[in-house]
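Next up, some structures in structure tokens.
Both complexes shown next keep chain A, but they swap its partner, so chain B is in the first and chain C is in the second.
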Partner chain A sequence: MKTATTDSRLADSASGRSPQRPSRLREGFTINPQTVKQWRRFRSIKRGYYSAVALVVALILSAGAELLVNGRALIVSYDGELYFPTYGDIIPGNTFGRDYEYETDYRDLKALFKEQDRGNWVLMPPVPYGPLENDLIPGYFPPYAPSFESGHYLGTDQTGRDVLARLIYGFRIAFAFAFLLLLCNYLIGIAVGCAMGFWGGVFDLLFQRVIEIWNMVPSLYVIMIVTSIVIPNFWTLAVVMVIFGWTQMTWNMRTSTYKEKTREYVLAARALGASNTRQIGSHVIPNTISVIVSFIPFSIAGGIFLLTALDYLGFGLPPPTPSWGELLAQGQNHIVTAPWIILSVGISISIVLIMVNYIGEAVREAFDPKKHAYYQ
Partner chain B sequence: MDCPAKNIAALAFGALLTAGCGSETNIHLELGTTHEPYAPPETAVVLPPIEVREGDGLPDTLPEDLVWITNDEDPVFASPDAKRGGTFHTSISGFPLTLRRVGPDSNGSFAGFLRPNQFGPIALHPDTRRAIPALATHWAFGADGRSIYYRLNPKARWSDGVPVTADDFVFAVQFMRSKAIVAPWYNNYYTERIRDLKRYDDHTYGVQGANAMPGAEMHGSYGIGPQPRHFHVLNEDWVANTNWQIEPNTGPYQVTKVRKGKYLEMTRKADWWGNDLRYFKHRFNPDKIRVDVIRDPNVAFQHFLKGNLDTMGLVLPQYWHDKATGAAFDRGYIVKYWFYNEQPEASGMYLNMSDPILADERVRFGIAHSMDFERVITTVLRNDYDRLSTFQIGFGDYDNNDIQPREFDLDKADAYFDAAGFETRGGDGIRINDAGQRLSFQVTYGWPQHTDRLVVLQEEARKAGLELVLDLKDGPGSFKKMLEKKHQIAWSGWAAGGLAPGYWEHFHSVNANKTQTNNITNHANPRMDPLIMQYRASTSLEERVRLARILEQMVHDSGVVVPTFRVPYTRAGAWRWVKLPESLAPRTSASMFSAFADTGGFSGGGLFWIDLEEKERTLEAKSDGESFGPTTIVNTTYRVQPAS
Partner chain C sequence: MSILEIDELSVAFDTEGEIVTVVDRVSFDLEAGETLGVVGESGCGKSVTALSIMGLLPKPAGRIQGGDIRFKGESLPSLAPERMRDIRGNRIAMIFQEPMTALNPVQRIGRQLAETYLLHQPDLDADLIHRRCLGLLDQVGIPAPEQRLTEYPHQLSGGMRQRVMIAMALASKPDILIADEPTTALDVTIQAQILELLRDLQRETGMAIIFITHDLGVIAELCSRAVVMYAGRMAEQAPIRPLFAGPLHPYTRGLLASIPRLEDEPKTVLTTIPGVVPGIDELPSGCRFANRCPHVKDLCNREAPELVVGEPGHRVACHRWREIDA
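For the complex of A and B:
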């Protein structure tokens, strides 16, 4: 049983959280022993660690989604020449001897080359459909059920678009959105929160009131108004979200800064004549890092959820952008007739949000200051 | 009235009914009783007499040479087998914000329950499209070509028993012109379009409109309905005071029960004055109509499957083919009805000519040839819809059936786009002109369920080097953008109604480049304007039909409208106990299970009835798991073969 640390100042200073105490790990590369401990602790929490590994792998794969899930071929060999259509401009059909100027239908081309058997070949990605392509079969009505034969491993949605492709591209967009939101919100939130806590007084009082008032603005309505004026895109949505999202972090940072700035090491730094920037940048923020880090996973989950909810309601990214929220709305409509839509997206959302929460839990544990006190 | 009212509704109803505190919000009107003779309320503002402009005005005495017309020779369309009784259960998506028919917030979906119960002087026969008697028994047309005289049925009564007289029509004009009702559209219509209304005796009056038109169409434009003069106290508090008052009406049903936020109930009048009229007999059969508020359509559908709602519209392919399946359908407890009707339709992509690129007709033609509607119909729409051939259709003789819509043809699209200067394609396959402009347009629309259709068109249009950017807004938001003419391409439709197509509002140059007009294409053609005016002013049906066909052709030639789809039918599911006439519905019917007279502008509603014995049988069979066999009834009598 660990001994409760009665004097947190003692515990903190003793645990060496002051950043001036790096330990040399290898020649030319130093890592704070504190960080090493935290990392070990994080790794020891298995479900959080494996969730993190899985999520990073998924992110890396989705970053290269064009190579895995795409209507464009990976490689086309035509008349002895190799083409790589995945990235860049479209290659019109007449390049490969077809009679049209628009983008080549590579699945069609593959079948044709096979039939002609003249040494030309097409290598398609494992899932040969893009997220925007309508694979419609005349006489049959979408949504089409999952089938290995057609390559729609999770079926199609109500306009014949591949569910798997839309899931993967939607995942990438949702994550990018959540990351961007996180970055901007934290930058503003931390800056304002630190300033409030550090300077206190009238500045603090004023900003508290400003934030309180700002929090009362119903952001959903603002988004609805914005979408009625302009076609929302990734960036406008992110900007609106940041405008209303940065306030949350300020409260935590303000409290932490208040606490830290009265610590001896900050007072000492000030007595030595350190500037405000140095006091905040080198002493206060590094010591509140555990607060920041343990919030990150939950903010990511919040960001994903927010975009999904907006898309579900129809105020998010404009169609035909692949999105989980839009799939969810479709799935709800086809819950009996096409259960594969709601199952695919429902399970995906659940898994991702659970994983992110596991990571959050592990990070919080790893950064728990009580675990690293000497007096345990 | 002194006891504290439980809520505003009770308070308002208190004013209408006899003194006393209503229990909750349940109130019961005494229907069909006779009231004291009319005395104007003291608090009412004295309304000015109807103001008549220079050059307008009806004669002071009834012209003697009038030829009085009635109609008792058209076929009856209700089933003599119809049985009275039972309760019809239906739903709306939101509780009404008011029970008024005019003024702020009165245009909600419950207006569809209130307005059809206020009869006009005449109605339109749902098969022959001719006038049939309603409040009036006879009518006559004035010599000036823009006035009608009506003779009222002396039996006609308001729901409180007060007779309907010519004074109620005079009052209607005063009422609609009054600022107190806060309804600018009505203020304007009753000033600009209705020029005079004169009482000749208790049951005879005349009305004069702004311009001449054929008789049949004049009924639609100038045959205004009455307002209960004895009921309304017009002052500045009118809007607030009447919010939850139940206004006397002339139709078969009256609101009798209001449970705020939950449901409304309407009851059939015990001895309605119209019961025995030729065209109203055997109609409006259920004793009660219960309207539940169910916000989500999916939830409403579940209620329908349980039998809590008697019918459900199944117009959308997804509903008919996918949702309307399962035990209740397989065993025939719920019957599916599919009726091909003749309803005016106008839906399309409206290209804004004030856009510099869309001003070029070659671009507009190119766009039309890049739209693969056939592909949408055969897949997403499951072959249910038809391609609409022209801007508007469904007006009988007026239709120009010679017009063929521009078909999906990439070669033609290529030729048009090349000619318009969009010869090269960018890296993404979208065409660019010499000035570096991309061939890319925003398509503004307001129905999320249309996204399906648009994404298919969007993908196919890319093949022509044309990019469509989908601009989905909420319904009112999209319409606002279109009326402000801020769109490039509007994906929309018009609730085309009445007997004849309209061109002035959609294509005349006076309405172009102006906000809040229906000319959303900003179409202006000096050759077309005089023809439109000639069409509007003509009183000869033959000439109007000729002009309408020419005008429709000119609209087609201009390419400002890419006609999209027409829904040539109405579809619904109904529990076995809800019975319909053998033909299901008259030709112009917009809905088979409309409880009231009006459906789609014609008097073809209120034909079904509830068979209580059948209900018992069905419920018994349901609990025993017995099957009647799946039943789907299709009537294709009025099916028009699709264009192309």
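For the complex of A and C:
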């Protein structure tokens, strides 16, 4: 409620109907009233707004996933000393009086300390399993069904790894990947598209044909071929995808630039002696920002989808990287014996992609020039 | 001393393989500190002449076909692009017809005003730029300049925006200001204010103004000399008084006769020049005004008239000006 009143005051003072009345937000910095309008329209589209809030919260939480979903303990109190094993090097078992030198098994340690009852304790994260840990029960073959007792809230996959942990870490990787893809694709696409639109002529013609030919290359097959020759990691996979992905944005930027560069304010900037790069940088691109922004959510969704598809086919990030596509493939293999795998990953993918698309829809609506008084 | 000399300037546009000359051998000089009017109907080449002075002809269609433009003795069309950028906005500034579209909608006024300084005087510090911008807005008569600097173009009225445009053009104290119909889009009261402002600014700064308009009233009010253009050619060039008192070219006469006067009989039909301007692709080889001229003779259709000195300082392009002078 409080923010709503601030907003309306902002819009009032900024609409400038009465120039005599001094704006209440004069000091320093005011927000463009257009931006305020767009933000308010975005907020008024409920499902988009709430999807954005939920997704931002999820992203912030997943950024600290090590604190929430981890096989390492949050805090270990041993002989009056506190240990924080979450980040940093592994702490070997003999530190806590165990007889091995590999990394401490904190779940085991927790049970032991409880048994010994000597004032030592272990605080585990809410989900006490890492995405790469195989938690096997002797005598039984995984996948294990969901169980609150063991802490596998969504069960395990076929090698005994916690499904929830892999979902959450996979979510983080997928988004990081999609954002990286977005950044690189847009940087290249916007630069090339702007150049095509601004200079036009032979340069434009040449690049149009190059891009058309480039688009005819079946990118998915090429990515598969490349990844079956070299084992990809996060970065190489991103590079291969950017090589084929940058063309998308060029068309939109090309048309927008063609439109903007003939506007009189660009001519006016030239009459002031602005160089080409300056005209593009401070006049053309800022005026096409609504086009760019409206495409971002859909590009994110596309990036996630692409990575998941490649992982599903086995040409994506190498095992044992937690990934939704790989879970999907497993879930399909165990659809009868372990339906919890396919259910959890299927529902997660659907919800995330639907939310991203809701956001995209709301952003597009908020930036819709039909609703604004634009100059002809 | 002439600060700007335009010498036989011809500009052609390449439209789908066909080359059309839209400005044909136009010549005039601009003295430092004077106001020169360029008058003519739409499409007569006024704006194209202005844009070629600025080196801003629409590319790749438009190009200078012949002639020269000299600014302080330096030929502008042959300048390197970097050098031309130094002159643009710095020594020669331009204001446009549509204040609604000539300001960038996503930049604050302050940012746009500062652009000239950022481009041409990069070592000025932010405080000084801010103070100068305030001074500029004050100079062009904008109230509450401090607040205006933080506003966006859509928050200002048309007259205010044109004032901002003028302030931008004045920022670097140019030698020449080219005003391309700066008052056409404004209503009459605002128009009078803007003209008044331009006149005052000229007195203060001593810059020369090329004022492009189709409004003879504005010319009479503001300019000391005027060039009349018709269909891409010059028809007449003269100081204001002789031009209005004794126009030599039939076109100028027609224009002046078309202005309704207070002493006219009420409810009489307005005088007009019959016919229309020939299309740009069907220009006659002779005098371009021949199809509308009441004094047309065979010679007019055969041969294009040269610009000749009629009276001292008064030049006209007509075969028959001497005979029809009455």
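Here is the rule we use: the second predicted complex is superposed on the first by the 347 of 376 C-alpha atoms of A that agree within 3 Å, B and C clash if a C-alpha of one lies under 4 Å from a C-alpha of the other, contacts with A are read in each partner's own complex, and residues count from 1 in each chain.
The definition used in the following text is that a contact is a pair of C-beta atoms (placed from the backbone, for glycine too) under 8 Å apart; a residue touches a chain by one contact, two chains touch by 3 or more.
The structure displayed is predicted, hence computed values, not measured ones.
A.B. asks: Which holds for A:126: it touches chain B only (first), chain C only (second), both, or neither?
C.D. replies: In the superposition, A:126 touches no partner, neither chain B nor chain C.
A.B. asks: Touching A:333 in the superposition: chain B (first), chain C (second), both, neither?
C.D. replies: A:333 contacts chain B only, not chain C.
A.B. asks: Once the structures are superposed on A, label A:34 by its partner contacts, choosing first (chain B), second (chain C), both or neither.
C.D. replies: In the superposition, A:34 contacts chain C only.
A.B. asks: Could you look at A:218 and tell me whether it touches chain B, chain C, both or neither (first, second, both, neither)?
C.D. replies: In the superposition, A:218 contacts neither chain B nor chain C.
A.B. asks: With the two complexes superposed on chain A, say which partner A:97 touches: chain B (first), chain C (second), both, or neither.
C.D. replies: After superposition on chain A, A:97 lies in contact with neither partner.
A.B. asks: Which partner chains sit in contact with A:231 here, chain B, chain C, both or neither? Use first/second/both/neither.
C.D. replies: first
A.B. asks: A:319 in the overlay: touching chain B, chain C, both, or neither? Say first, second, both or neither.
C.D. replies: In the superposition, A:319 contacts chain B only.
A.B. asks: Is A:263 in contact with chain B, with chain C, with both, or with neither (first, second, both, neither)?
C.D. replies: It touches chain C, and chain B stays clear.
A.B. asks: In the complex, go through chain B and note every residue touching chain A.
C.D. replies: Touch list, chain B to chain A: 298, 317-318, 321-323, 325, 375, 378-380, 382, 410, 414, 425-429, 442, 448, 451-452, 454-456, 458-459, 462-465, 469-474, 477, 480.
A.B. asks: Touching chain A in the complex: which residues of chain C?
C.D. replies: Interface residues on the chain C side: 54, 56, 60, 85-90, 93-94, 96, 98, 100-107, 115-116, 119-120, 143-144, 146-147, 150-152, 154-156, 165, 168.
A.B. asks: Using the touch definition from the top, list the residues of chain A that touch chain B in their complex.
C.D. replies: Of all residues in chain A, those touching chain B are 88-90, 92, 100-103, 132-134, 136-142, 158-161, 224, 227-228, 231, 314, 318-320, 329, 332-334, 336-337.
A.B. asks: Quick check on the complex: what are the chain A residues that touch chain C?
C.D. replies: These residues of chain A touch chain C: 14-16, 19-20, 22-23, 26, 30, 32-34, 200-201, 263-265, 267-275, 278, 282-283, 286-287, 289, 373-376.
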